[in-house]
Amino acid sequence: MQPINLREYEELAQTRMDQAAWDYFQGGSDDEITLRENRTAYQRIRLRPRVLVDVSTIDMRTTVLGTPVSMPILVAPTGFHGLAHVEAECITAQAAGEAGTLMGVSTFAHRSLEEIAQAASGPLWFQLYMYRDIHITGELVRRAQAAGYRAIALTVDTPRLGNRERDRRHTLENATAARVANLHSLEVIESSYLPQPFVPTWKTVEWLQSLTSLPILLKGILTAEDALLAIEHGVQGIIVSNHGGRQLDTALPTIEALPEVVDAVAGRCEVYVDGGIRRGTDVLKALALGARAVMVGRPALWGLAVNGKDGARHVLEILRAELELAMVLCGCPTLAQVNRSLVKMA
Amino acid sequence: MQPINLREYEELAQTRMDQAAWDYFQGGSDDEITLRENRTAYQRIRLRPRVLVDVSTIDMRTTVLGTPVSMPILVAPTGFHGLAHVEAECITAQAAGEAGTLMGVSTFAHRSLEEIAQAASGPLWFQLYMYRDIHITGELVRRAQAAGYRAIALTVDTPRLGNRERDRRHTLENATAARVANLHSLEVIESSYLPQPFVPTWKTVEWLQSLTSLPILLKGILTAEDALLAIEHGVQGIIVSNHGGRQLDTALPTIEALPEVVDAVAGRCEVYVDGGIRRGTDVLKALALGARAVMVGRPALWGLAVNGKDGARHVLEILRAELELAMVLCGCPTLAQVNRSLVKMA
Amino acid sequence: MQPINLREYEELAQTRMDQAAWDYFQGGSDDEITLRENRTAYQRIRLRPRVLVDVSTIDMRTTVLGTPVSMPILVAPTGFHGLAHVEAECITAQAAGEAGTLMGVSTFAHRSLEEIAQAASGPLWFQLYMYRDIHITGELVRRAQAAGYRAIALTVDTPRLGNRERDRRHTLENATAARVANLHSLEVIESSYLPQPFVPTWKTVEWLQSLTSLPILLKGILTAEDALLAIEHGVQGIIVSNHGGRQLDTALPTIEALPEVVDAVAGRCEVYVDGGIRRGTDVLKALALGARAVMVGRPALWGLAVNGKDGARHVLEILRAELELAMVLCGCPTLAQVNRSLVKMA
Amino acid sequence: MQPINLREYEELAQTRMDQAAWDYFQGGSDDEITLRENRTAYQRIRLRPRVLVDVSTIDMRTTVLGTPVSMPILVAPTGFHGLAHVEAECITAQAAGEAGTLMGVSTFAHRSLEEIAQAASGPLWFQLYMYRDIHITGELVRRAQAAGYRAIALTVDTPRLGNRERDRRHTLENATAARVANLHSLEVIESSYLPQPFVPTWKTVEWLQSLTSLPILLKGILTAEDALLAIEHGVQGIIVSNHGGRQLDTALPTIEALPEVVDAVAGRCEVYVDGGIRRGTDVLKALALGARAVMVGRPALWGLAVNGKDGARHVLEILRAELELAMVLCGCPTLAQVNRSLVKMA
């Protein structure tokens, strides 16, 4: 029986994956409090639907850093899609493209960024980790630009890997490290895929800006203070993220952090959010609180594990249908009607 | 053993119905958060009882849009009573009439509105869905007025059907669609009973007003903004409703939405509320927060399933007795004493 | 093994009583929300202990309406002690007396008020229900005064009996009605012990004041409004009570209602509280919020059921020891140090 | 398999200890509400991480009353380490020393304070209970100073022992009383190790100050009022503590009390906190709210029970590693960056 919502995809995916891979995808850091709160924080937000608006046609098209997408739902960059399906990121990218949306490709993809770009039918962003060897980082950026990626999303919440205790009970990390395709030709990876101890700073952001003409997003900002610094540094976008609850446990749930970031930014760059989005109503709440679009990570992987490209695409189509229905039922025929008056804290 | 409260009717009803019909009655949309919150929101409200008032006689009679009723508890319009009892809405209407109260009759009744009016011993309102074929809608209104219905309650929260996942796992909808008695003679229903894609708007309300001299209520308003628009459009009543948690999940629980609607309306039309009412104290809280009367849907169906007309009537009598006791214990001999000082948020 | 706290007495008592009697003691009205909240409301209050105070001797003696008691913990009036022990209220009164405290005797005692006064070694208050036959009420008051009761506690929250669904599934009420000893010689009780439909009002209070020189307490006030009326009527005391969660369900938990009553009274009469008190820290919180003393009902009955007079006394001694320890640990050697700065809402 | 977090140490420790000893370590007073809230209060605090800060080196060194320590995590004084390991406090002190931090030694140690000082490789504080015989107290202080202890931490929350019901069901207390090594040569202990009825007061603090040149900390302050009195009395430090939930149940959780103490003190003495700390993020939250360092009690005992000195040390190293990671992920390379902007209440 085909799943009809993301939770059913999650349940089914678990039956298709081995425990170590499942734990790698699902797990968070420490006691997984932020992992859980990312989800429950959405459930505490009430919607205030408007009625008797003409919603006979719904238009959820938008642009993200100037790139048109069919809906404000993007695929978040996540590592090691090969754990879910042998064709890995190549087919995730196809699923996103067929859904008319954009995919973020992780530095830790199982296929090289060029292979993915080749396979993809839609726009891509490249998610960048900073390597201790600055030349590796520079090379990744150069390759991403050459391969047609539309932006660089620099991850800023991972100066070191979070304490993911599920993984520490498996031996996944080293096993998968060998398969970081983007770095195959390089001889820098020894015992871990993690780019320790290179630590990105605001100076690194400036260096990155000097290196590429691509727009730059900072992924992993949770505070107004850092949002203001991002604006001062002239970045094009912010992704409000706590890395899916995988880095700092008890960090702010993303949907709770979003309003202060949006207020600080005051329209001077685009703001995205990821983490805990499982329903179209979650998407609508994020948009109401000021996100330009949301990014979903684990759900796409569940789709991939359950049914490859079609599964990943179906997950995106479920979200699209749910968002469309939420817009209908909230009296918002276009994204322009979506604002904070649509939500109320419980 | 005869049930002594609504919860016992609910438990018993489940044993009398097949799973698909039960799920159709009980279910909500998506994760059923609003369905649950409709109920728990009442439990978070404290009563502040007054003592040493003469409560030797309790008078809970009132009028609804000018129609006298014996109590401020009405039967909400719900579809397909035939799933609970073969005599369907005809005996629900009799139960309401014997209880001295009013019943709302759904467009999706299992009996025609004329049959129900014929069988009924009390006043009726007609709940109206807008059909894509405007002539059908007009015809329904004309027939309702001819049959003696006292008002039209236009449902405004269903421009499209909510995502009721329980139903999607059954095949109920198509099965029941064939039995929408009000539309038997019409040839408009193809694959679904839902009036897609006709979407009512404020213009539709004006058209409806031009069509009939009956008072018009808007059923499904949850915000002050829409309450003000309703006033501007000169409607006679508002039913604060989220469709029993069956349309937009995570929408405001109705009892949380009621105060802002009441404040916005400021006495310029009557305000009703439905959703989650299971005890006389719930009724009293709704009245204290400004409702003229409450409407109960599922409980009447449970009574119907358990014991036909007598069951439905007994459910109403339980609520009446509980409300009377709540008025006694709160020191409110008449509805005039019921105001916001009676409640406090937990 | 002897119980060391009230919860253990509760557990043990349940094994000693038949189900109908147990349900009569333990039950509340409707969904028993107030019954539970009476308890949990205490757990939400934090204590702010003070240190380095000389607490080598603790003095918790006080007076209640001028009567000295060894501690601010009184026995609340409850009906039908014979359900817990064959010697009924006579030994409860002895237990209270031996503990140096006061007992409230219910109109619905299993022994006559004279028998109880005869057996008692400490002071008593008489809890009064208003009977439809005003002469019965007058006679009860006259007898109580003659027997040496120190005050009349008029129950004001029971113009009608609450909806106690546990009892409705048993046949206890009629069975016990026959044993209301105080009314044996009278021929007024027919089918129920409940004094319907006589409803006390503020006029009744005035009539009662004209009838007796005893001080009068009103038992069952939960609001500032009624507290002010009580002051205007010159009563000597208020018992903040919701009848142990047995009357109006979802009424304010007593400890939440206490502050507004205390503030309204502003020292013009004494204020007591009952409901949900199970620990010495609960007593201290009630005192901190302005109660002159607390009254405990069910725990005394548990003691009675477990071990007769010694059990009831032990329950009181446990509470005394716990209150003493709480005063030690909060740096309050006497009740004079106990004020609102001792508590903080969670 | 070696534990990787404190919870795993806790689970393992339980399997290594007999029930009475385990209950003595784990238990709290009354209903153990404060015991639980000490823990859950941390989980309600959100972290607001800062990014793009240079965190390539983390420096968490600090001083405590002038003594340098490698991290702001100290070992709290707890009694009877012999219940966890035969070498008792001697090896706990070695573990603390090897971890570069300080240990608080309890009056109720299983080894004499001189033995512990002899075995220790790091700095020590002596935790003092006041004895009814003032000469015993004076002698303890003199011996502590002679043995090189750096400060006296006077426990102020134990004028009497809390109601620890788990212990009352065992016979541990008397059994262990015989082994209070610090008092072996004295003939004052009869039936209990508890120093009743000597009650420390502010006068006692003055007397203690006259007795020793060591700095004095008051352990067990939870309010701004007492913090101000402590400042007036010129103490060098305050330990915000509720004795691990073992004294006054429903007392403020320590992390909730910390801010008001810190605000009252306003930098005039050092403030420490213990209770419920199980993760590096808990430590960081306490520091953000103004603690100079935290003290952990039970976790060290779990380590001791599981693997002696190495276990206790490993527990400290886990906390250090978790704190370091939390500082990395919060963008705080040194303790100077840690302030209240790092936290937000949920």
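Labels A, B, C and D are assigned to the chains in the order they are written; within every chain, residues are numbered from 1.
FYI, a contact is a pair of C-beta atoms (placed from the backbone, for glycine too) under 8 Å apart; a residue touches a chain by one contact, two chains touch by 3 or more.
Fair warning: this is a prediction, and the values are worked out from it, not measured in the lab.
**Student:** If you check the contacts of subunit C and subunit D, which chains show up for both?
**Tutor:** none
**Student:** For copies subunit B and subunit C, work out whether under half or over half of the interface numbers are shared, and give different or same accordingly.
**Tutor:** Comparing the two copies, subunit B and subunit C contact each other through largely different residue numbers, since under half are shared.
**Student:** Note the rotational component of the Cα superposition from subunit A to subunit D, reported as an angle of 0 to 180 degrees in steps of 5.
**Tutor:** The rotation relating subunit A to subunit D comes to 90 degrees.
**Student:** Can you give the whole-Å distance between the Cα centres of subunit A and subunit B?
**Tutor:** 42
**Student:** Counting in whole Å, what is the centre-to-centre distance of subunit B and subunit D, each centre being its mean C-alpha position?
**Tutor:** 60
**Student:** By residue number and range, which residues of subunit D touch two or more other chains?
**Tutor:** Answer for subunit D, listing residues that touch two or more other chains: there are none.
**Student:** Report the residues of subunit D in contact with subunit C in the complex, numbered from low to high.
**Tutor:** Residues 30-31, 33, 156-157, 159-160, 162-163, 165, 168-169, 197, 199-202, 204-205, 218, 220-223, 225-226, 229, 247-253, 256-257 of subunit D touch subunit C in their complex.
**Student:** State the interface residues of subunit A toward subunit B in the complex, per the touch definition above.
**Tutor:** Residue list for subunit A touching subunit B: 4-5, 42-43, 45-56, 279, 281, 285, 322, 325-326, 328-330, 341, 344, 346.
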